C-alpha cells in the first residue's frame, strides 16, 4: 500500500494536479512517522504508510486549504469523519483537497518508541468505511483487532457511585499539565482564539492552579466539541499523561445517542449537529440526569 | 522597599495626573510614604500594576534629576492602560523597578552634540534624557530635538516643549505633524522627511524613539545624511512579564529587551535577528 | 474604569421595611469604581430622578446603578432619565431589591445582605456596559386581526376607523364568532344578533377592512412593525366575486347530513352551506368532505343551479402574503370536551351544554325556539342547570380556573325559561355564584328572587338518563343532605378553554401561552392587552374567560395600542443584539444554525489579527432581525459571538459578584 | 465572619432566569409575597439559551453550592425555540457533571412561566432545601476563593 | 560510598520523610511522575523518565507571588512566603540534574530569582544512575554520564542494594540522616553496573550525536536558514515539548480574581503558543514558523551564546517521546547539520 500511495502521490505531483501531498514521513524511528507535506517527487521515498501512521491529517487541511493549489491528503476511515465535519464547519475548502482514502488495520500505541499494542480507539473502532474520498487505495488483507464495546468504559464508570467517579476523575485530571496537546490536535478544536487562551473570561489560567481549573478545562473542552466530536481519539492518543480523555467525549456521544437518537459527527456535511437542533416533542428534560439509573 | 528580583512590587500612589493628548496621560507616582520609589537612569523602565487588572512595563518619563516623584506617560491601548486612564489622584498603584539598561548619559553621551528624534508617545523615554541633559547642561553639547506626531493634539509634553525646552541654551526644537490643520503654523510632514530638510550635521549622537515604522525610515534618512549606526541609540519594545530576564518572552535573538535593553545602539540591533 | 453612582430606593416602606437601605448605600460605596451612593424614598419620582441627574453631572458618573424594584417595572423609566441627561441609557443597570428581596425575605439581615449582593452584581455588570444605540425599523401601516368574533370585529373597526388598513383572518366561513350563536345577552337581555349583525356588516363593508374568511394563518415572520404573514385562504369552491348570495345552491344541495357547526351539531346542514342566515360574507362554502361531487364525481347540482356560475370545484387553496405592523390575536374560546365527565351523562340527548341550550332557545335554532327535549320533543317540566362543569376543577380532566361567564348566562337562561314558561321548575346547582360585574348581582337576584329560580348550593355527583326523564344525585351543601331529583333536561355550564389553534398561532408569533393555553399578557396589571412579544396584542377570550362587554373593552384597548404603534413612522429596535468578534470568529456556522430569526449571515472579509492579515469567513449579524436571545453566543465555542447588553463578561461579572 | 460553635450551613444558590418568563415569575412571587430562601441570587438573562455552561461552572468556582436555571415552558419561548436549545445543552451539561462525579442535584432546570409565581417560590425553596441536604460544594470549588 | 539493602528502602524513605518532603517517581495508570512520598506509596525507580521533569520542585508549574487587594484608594500586597521546608528529590536522572544546572544559570544569575533560590536552597537532589537508558536518550553529547550522575548524592540501584555516594555537603548531611541503614561500600561495587550502562548507552541510536555543527554557530545564519520554512509543518503549537522539557524556563505572570483580591501567580509558559509575544498592537512572531524557530534557536543558539556555549538541551528525549507530531529537537539539530 505504501508503494501505491507513493506512486499515486508522484503522479499527482508530476502532472500538476496537486501542489502538495499530505502524508506521513519516515523518521529515525519506525514507530514515529511525522505528518508532512511533500512537494517534490524525489522526497516521496520518505513517504510511509504503516500502523504507526496514527496522526489524523484532517486538521492539517485547515491550513493547507489556505495555500494555493490542491493538496492530496491520505485519510484513514476514521479520519474522513473529521474531514467531513471540518467541511461542514467551513474550515476546509473541499475543492482544494484531493482525498485519498486508505485502508486501516488499526494503529499501534507507542511508548518510548516501542510498540505496546493497539491504540484504545482502534479496539473500539466503528468507523470502517470512508465517508468522503476522491479515490480509495485499499488493502483488503488488513485485518482489524477484535472490536470491543465502544461505550464499555463509559458504562463501567456510570455504574460507579458519584464519589467514586469523582475520585476517578480527580486521579486522571490531576496529572494534566495543560500542554494543550489534546486541544491542539483535535480537529474539532479549530477555534482561532480558544476561550482558554482568551484574556476576556478569566479562563486563561495556563496551568492547573487548582483542581477546579483541571475540571473546568476538560469539561468545557468536552462540551465545546459536543455533537462535533467524531471520536477520532486523537486527544487520548497524544496526551502525554495518558489521561482517558476519550471517556469524556464518549459520555457525551452516548448521551446524545440515547437521548436524541444515534448521531455520528462527520457522517455527512449537512445534518445539523445535536446541539444546534432540537426536537420540541421528544427531547428529554434535564431532570432525566437525576432520575435515570 | 521594592524587591525587583522577587517580582513583588511596592505600593505607590498617584499624586497627580496630567492629560497630554486625548489618549495619553502622564502619571506622577511616589511611594506610599512620599518620595521616589527608587532611583533610576534615563531610559530605564518600571513595572506598573493594579492587582486584578494587570501589569505592564513603562518607560520612566521623568529625569533622574527629579528627586520628588516619577512620571509615566501612558497611552491607552490595552486592559491596564484603559484602567489607568480612569484612575484618580490619590489612587494606589504598584511599582517595581528600575529595569533595563539606560542611555549611556554618563559616559558615551557626555560632551556630545545630541540629536533627539521622536514620534508620538516615543518622546516619553526620550524626555527623561532630555531633561537630564538640560539639568546638567554644561556636560553636553548642542541639543536638537525633532519631534513629530499625527496631529498637533497628539504632541505630548507640549507646554514643557514650548515653555521650557525652546528656551534652553544651545537648543533647537523642531516640531512637525503628519497632516495640515487649522492653527498649526509649524512644519507639516513625516519626521524622516523633516529630518532630511533640517540640514543637521552628522557629527551628533542620536537618540531615536517612536513607532517601528518611523524608526526604520529615520534610520534610513540618518544613514543618508552620513550618520553611522554606532552614533544612534534607540529603544525597543516587546512583550514583557518579569522584567528581570527570566520569563523568556522579550528576547530578540540572544538579547533580552528587559535586561539588555530597552536601549540599544543601532549597530547592535543589526546583529540581531529581525524579529521585533 | 467607570465612575459609578449607586442609588438605593426605599420604595416607601416596601424596601426600607425589610432592607437596611443605609447599609446598602454604605456597602455600595466600597465597590470598585463607585464614587457616589445615595438613598431616596421614591427613586422613580421626579425628585428621585432629578437626584440621579444631578449626581451624574456633579460626580461625572459614567455608570449608574439603581437598586429598587424589578427592572421590568422601572428600567425604562430610569434609562429614559439617564438619556435625558446625556448618559447612554444602557449605562444604567438596576438591582431588583424589592420583588426579589424585600418583599420575600422576612429577616432584615438576610434581606440586607442580599440587597448588598444584588447591588454589587449590578455594579460589576455596569462596569462592563458599553453604550448601545438602538437602530430603526420601518412600520407597516396595516394590522392583522386573527379571529372574526366580536373581539376581532371590534378591534378591526376601531383601527380601520382611525384610517389604517386591517385584515381579519377567520377560520370559519363567516365572521361573528360565538356571539352570533347566542340568543340573548346578560344582564340586559338584549338580542345578541340585533347588536352583533350591524357590526358584522360594518366590518364587511368598511373600506379599510379586508375579510379573509375560511382562512388560516400559515406562517409569520418578522417582528414588530414588520411582520410578514402568509394567509392560507382555503378553497371555498365558490367564487366570492361571482356569488350573489341567492341561496339556490344550498337549497338544492342533496347532501343534507353534515352536522351544523353553528348549531353545535344539534341540526344538520347541507354540503354547500352558509353557517347561518345572516352570515357575513353571505357566500356559501362547499364542505368537500360531505359534497357528493367531491366524493363520487357525480352530482354538481349546485353548479347547475348557480346562475352567476360561481361554483368552482377546481378552486385551490390560495396563499396570500402580506406585511403588517401589528397583529391582534382574537381567537376566542370553545366549551371543553365532556368525554371525561361521564357522571353528567353528557351523551344523553337531554343533557345539553349551555351553548347548545343557547341554540335551543334561539328562534332561528334547531327547534325554532321551542323549548323541547331533544330525545322526545316533549316540553320539559323541570330543567336543571349544573354549574362549574370542568371549571374550578383541579383534577387533570378539568380546568383550575373559573370560566367566569357561566354564573351570569345561567341566570340568564333560568330567567328566560321562567319568563316564557313559568310552569317549568328550574333548579340551579352551584358552588358559588359569582356576579361582580355591573348590574350582575342584581340580575342574579332577579332570577332567584323575582323569577323563583331554585338555587341549590351543591355539587351533582351523578346523572342517569331514565329514558323519559333524568335522575340526578347531588349534595346540598347548605342543608347538608343528599338529594336525588328527577328532571327533564339538564344544562351543563361547561368550562371554556382557548381554541386548539391558539397554540400554533402563538408559536408562530413567538408569543407565549399560559399553562391553560390562554395567551399570556405582557404584564398582568400594566400591559393587559399586549402579549410579551412586541407588536402582538390580545383581545377577547383567547386571553382568558371574558364576557362580551369585557371583550369589547379589551378590543378597544388593544386597538388603541395598535394605533399607537401604527402611528409611528419608525420604531427603535432593541440594541441588545448579537455581535461577532472578527478576531475570534472562524466562520463555522454554528451560530447561524441556531438563530431562530435567520439573522446571521456570512461574509468573507480581510482581517488584521495583530498584524497578520488574511481573508476570513465571518459571521455577520443583521441587527434588524436579531432579537437578542443569545442562542448564538452560547453555541459559539470561542466566545466570538456575544450578546450586547448581556455579554459573556457581563454575566460572568455578575456571577462573580453574587458568589462572593 | 463570626465563627460560632455550631455554624449552620447556608447554601449559596445562583439562579439564572430568563427575562420573559422566569424572571417575571420571580417578580410575581415577590408581588405575591411568596417567600423563598434569601440565599437564592437571581441573574437575569434574555433567554435560557443565553446560559453558557461556563456561567454555571463559574458560579460553582466562585462559591455557589447550587445552580438553577429557569426558562419559559417548552413551546412558550419568547424567542420561539431558545429553551429547546437550552434543554439539550443543560441536559448534556448536567449529565457530564454527574459523570464527573459532581453530586446530582447541585444543578437543576425548571420551566417557570410569568404566571407561576407560586411555582417559582416553591421551586427555589425546594432546590435550596436539596442543596442544604447535599452540603457545601466541595467537588467543584476553587480553593483560591477560600483564602479568607 | 554507602550501600543500603534494597529491602530497607522503605525504611530509608520513611526516615527521610520524617524530616523533610520526599519527592520520588510514582507510577499511576501507566505513567510515572514525581510525587510526594508518604508511607505506603510505591516508588517507581524502574521507569526511566517521568512525564513531567522534576524541575517543578524548584520552578513549580504554577506559583503564587503575592496577593493584591485594591481597597478603595489603597492597595495591599501580601507577598507569598518563600519555601522554608527542606525537601529531597530522590531519583533524578543525570539529564534532569544537568537541566537544573541550566536553570540555575538563568534563575540564580543576576538578578537572582528569590523564589527559585529559596527552593533551591532547601532542596537536595539524589541522582539515580540510569539502569536502562532508552532509545530516545541522547544525554552523552551534552556531557552527562548516565552511569554516574552528579548531584548532591549519586545513587545506583544495583543488585540487592541501593548505593549512595554523597557528592556535596548537603548530600553528606542527607546520608548522615540515614546512618542506621548504611553499610560501607566501595566504588568498585558499582563499577560493573556502570560499565553495563555505558555499553547500553553505546548501542543507542542518538548516543553519539556530534554537536560540533552547533558550536560557534552564527546566530543570524541559523536564524535565516531556509530549514525553518518546513520543519514546523507538523507542529500543532501545543506546549508538550516545553512542559516536559527539563530546561524550558519561560513563565507567564497572571492574575486570578478571588472575589476579595487578586492572586498574582506565575505559570510555566511555552514560546510555541501564539499569545506568547502577543501585544496589543502586533506580534513579532506572527506564524508558527517564528515560534517554532524561537524555541530551537533559544536552546541551540541564543542560550549557548550567553552561557559559554552550553546548549539548553540535556538529551533527556522527552520531547522525542511525547511530541504528538513526532517532532523533536534531534530532528531540528540534524537538519541544522548535526550528525
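So that you can tell them apart, the chains are marked A, B, C, D and E in the order they are listed, and the count of residues begins at 1 in each.
By our rule, contacts are C-beta pairs under 8 Å (C-beta built on N, C-alpha and C of every residue); 3 or more make two chains touch, one makes a residue touch a chain.
This is a predicted model, so every value here is computed, not measured.
The minimum number of touch steps linking chain B to chain D comes to 2. A simple rule picks the central chain: find each chain's mean C-alpha point, then take the one closest to the mean of all protein C-alpha atoms, which gives D.
Set against one another, A-E and D-E show the most C-beta pairs in contact at A-E.
Set against the Cα centre of chain B, the chain with the most distant centre is C.
If each chain is reduced to the centroid of its CA atoms, chain B and chain C end up 68 Å from each other. Between the Cα centres of chain A and chain B there is a gap of 50 Å. The distance from the centre of chain C to the centre of chain E, with each centre set as the mean of the Cα atoms, comes to 71 Å.
Taking each chain's centre as the average of its CA atoms, chain A and chain D sit 35 Å apart. Residue numbers of chain D whose C-beta contacts span two or more other chains: 53-54, 58, 62-63, 75, 81, 85, 89, 144. Residues of chain E in contact with two or more other chains: 67, 70, 252, 256-257, 259-260, 269, 278-279, 281. For chain C, the set of residues that touch two or more other chains comprises 594, 635, 648, 652, 656, 659-660. Chain pairs that touch, as defined above: A-C, A-D, A-E, B-C, B-E, C-D, C-E, D-E.
Contact residues on chain C toward chain B in their complex (touch as defined above): 1-3, 33.
Residues 67, 256, 258-260, 263 of chain E are the ones that touch chain D when the two sit in their complex.
Residue ranges on chain A touching chain C, taken from their complex, read 66, 88-91, 190-195, 198, 200-202, 224-225, 272-273, 275-277.
Residues of chain B touching chain C in their complex: 83, 86-87.
Of all the residues in chain C, the ones that touch chain E in their complex are 30, 32, 610-612, 656, 659-660.
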